[in-house]
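Before I ask anything, let me first share the structure, which is written out below as structure tokens.
Labels run A, B and C following the written order; every chain starts at residue 1.
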Amino acid sequence: MSAYLQVSGLNKRFGGLQALRDCSFTVGQGRITCLVGPNGAGKTTIFNAITGFLVPDTGHVEFQGRSLDGQSPQQIVRHGIARTFQNLRLFADLTARDNVLAGMQDHVGEGPLGAIFRPFHTARALAGKRDAAMAVLAHVGLEDRADALVRNLSYGEQKLLCIARILATGAELLLLDEPTSGLSGAALTEVMALLRRLQSEGKTLLVVEHNTRVVQQIADDVLFLHHGHLLAHGSPAEIIADPKLAEIYFGGTL
Amino acid sequence: MLWLNLLLNGLVWGCALGMVAVSFSLIFATTRFFHVAHAAVYGLGGYVAWSALKHGLPEWAALLVGIVACGAVGALIQKLLYERLDRSGATHLVILIASLGLSAVIQNSLAAVYTSNVLQYGLPWGNRTTVIGGALLTNTQMLTVGFGILSYLGAMWFAHRTVLGKRMRAVASNPFLAEITRLQPRQVHIAVMAIGSALVCIPGVLVPLDLGLQPFGGVPILLTATIAVIAGGVGSISGAFVLALVIAVLQNLSLLVMPGEWSIGITFGIFVIFMLFRPRGLFTG
Amino acid sequence: MDFLTTYIVLAEIYVLLGLSTNLLVGIVGIFSVSQAAVFGVGAYLTAFLLMHTALPFPVAVLLAAALCVGLNILVTLPSLRVSGDYFVVTSFGIQLLATAVFTNWTGGTGGANGLPGVPAPMILGHEFLEPTEFIALTTIGMGLGCLCFWLMMRAPFGALLRAIREDELAVAALGKSVLGAKVSAAALAGAFAGSAGGLYATFLSFVDPSSFDLDASIFLLTMVVVGGARTLAGSVLGPFVLLALPQILALIDIPTSIAAAARQLIYGLLLIVFMLFRPQGLLGEKL
């Protein structure tokens, strides 16, 4: 039985830097897996490799038994995988709803011919999409801010919007790049609750996370990455308790 | 032997084109900006030298005046236009349009002041020929080759041996890092624009020495030169010069099979081939 | 009266070109100096079809527009795949190549002397000869163009293009084809420019290569920059303002020998000034 997401033997070199070194791990379906490790460990690089933004020098990525090697980001989304960005990359001058709409996979009206020659069909479909976008926003708790421009949202709201946007794609495997970074208090709790809610709805989450408290509270599995290589994996308790890993994480060398 | 003549003419023309290409390469690699107005500076240089000549200056002085003027104009363009737009957060597209506008202003000013007719330098010594190794070369052609090779060597020396040149290459290879270390990329940009603009004055004078001055002559030449720069590999001075020679020779040899007005087709064809099969160019910087 | 009509007819034709340039430069964000070349292709092809085949006017224009669609796709697809700077070179190349073809292919385009004798449009038996009749045609054409533009921008396609302008990478990460959207927009721009060419050729009944050179492309850019980028209003205002400019200039005593250079100089100045101080133009959004 093949794993839900299987990454095997990924290598990637950027000039003089070996960003990924024989990196292999699996992600179980329906679980929240946290990807931890010191800065520069290659966590975002792995996201880029999985989602087609980067072609690894060697190695394979398999999702539900199907190879993702060499596929474009667009194709990967169609397989049911979507990712957020560490620096958000929201459409700042668009509303929250328009950002979510951008993620919807129903392509009616997304080409000039459809827009011009079937205006009523397009308008109807657009109305339907707007309702669906509203539902997604409600799901993450942003329904009141649907018509607010992204630049006017609070940072916490923007982080929620990032997740809403990829939920709109209908992806079942969500790759979240530091969804809680920069958040504290109520905003942090809200995001954590959302992640658990998504899991209970059947989504699988692979989360890059720096906050050990978050990892403890939501992770089912933890993958510890160092110098582009999987150093250790296990339950949150095991990983956090390991003194050698703590030393690496907080600045030691191996 | 027609083809030998065409080959030699191509090499000479290639040296002129090479100077334009090298000067553009210096600017483009460092600032990452497609300085469209370079074509206008090329034109300006030729006319400034012509005016200096008409005012009684000896030829070498006229050329020098042109070079200095172009260098100054280049620096001013960077400081007053490009840098200003960059500081206000303008997108690449905005600066490109401004550059195009400036190009139109300069070239049409030249057309208004000097008329759109072809202007000659009227220097008879330019056409005197010398026989070198069985081939007939005019003085102008020899000057072109001489300056071309000198410019290429000079640019290479500058880029690899001088402090400014090294700073320029550092800024070119990592603009972000350059910003936060003490490389002062803004100063480097101004310097590189000054040097590139000064350099392009030389072909701006040598080419019209033969063909006559024209306000809008710089555009097709710049287009060909930029293709040489890109096909040669952005950041590679040698690539730019070598590809300029190659394109010039191919353009000339194509005269064997098709009329001259279509030479742009050859150049463009080369570009399309590179774009399809080797977009990163032949050499790397 | 006839003069005002001519001005309006030309302005309306140029609105189509404004929509075309705005799509490409304003909305997709491509630096294009080859719009006049596509305009020219539309003009020459319509003229050729009307003079050498029995095709009715609307079909000829449609065919010309279709060819321009193909031309734009052919030009943008490979170069957009590589990088933005490549398109600058491609665009200049296309424009210079087109001018070379227009002025030297005496067999096909009449060379530097142009193509005289283009017949007036004939639709359902009615011949549109006078400017006062032609204006009906161009007004409808402009209306249709504006309608298409408006529908397109309201649809998800417009939203997709706007998102691409903001962050291409993020759009790709959402599973949308960025290249496909850009090329589609370019294709539509081709349709606008091609139809404008057809109307232009039949209005003037003479196709002259100097209307489609680099200076003309610069004029088209100026139209969009002054009128305003990325909006319908800007695309309509720009041509009306810019085509009135030569008349205003005629009030100043500029010697005819430098009139053309003076005009182009002003366009260049307008480009610089607007980019420095008002990049959104009169009625547009910031480029």
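To be clear about the criterion, contacts are C-beta pairs under 8 Å (C-beta built on N, C-alpha and C of every residue); 3 or more make two chains touch, one makes a residue touch a chain.
Please read these numbers as outputs of a predicted model, since none were measured by experiment.
Think of the whole protein's Cα atoms as having one middle point; the chain whose own Cα middle lies nearest to it is C. Chain centres computed from CA atoms place A at the largest separation from chain C. The distance from the centre of chain A to the centre of chain B, with each centre set as the mean of the Cα atoms, comes to 48 Å. With centres defined as mean CA coordinates, chain C is found 43 Å away from chain A. Chain B and chain C have centres, each the mean of its CA atoms, that are 31 Å apart.
Per the touch definition, chain C reaches chain A in the complex via residues 148, 151-152, 154-160, 162-163, 166-167, 169-177, 180-181, 184-185, 187-188. Considering their complex, residues 51, 53, 72-74, 76-78, 82-83, 85, 89-94, 98, 101-103, 105, 107-112, 114-116, 119, 122-123, 125-126, 129, 165-166, 168-169 of chain A touch chain C. Considering their complex, residues 25, 29-31, 33, 78-79, 82-86, 88-90, 92-93, 96-97, 100, 103-104, 214-215, 218, 221, 225, 257-258, 261-262, 264-265, 267-272, 275-276, 279, 287 of chain C touch chain B. Across the interface of their complex, chain C is touched by residues 34, 36, 81, 84-85, 90-98, 100-105, 108-109, 111-112, 115-116, 215, 219-220, 223, 226-227, 230, 259, 261-262, 264-265, 267-268, 271-272, 275-276, 279 of chain B.
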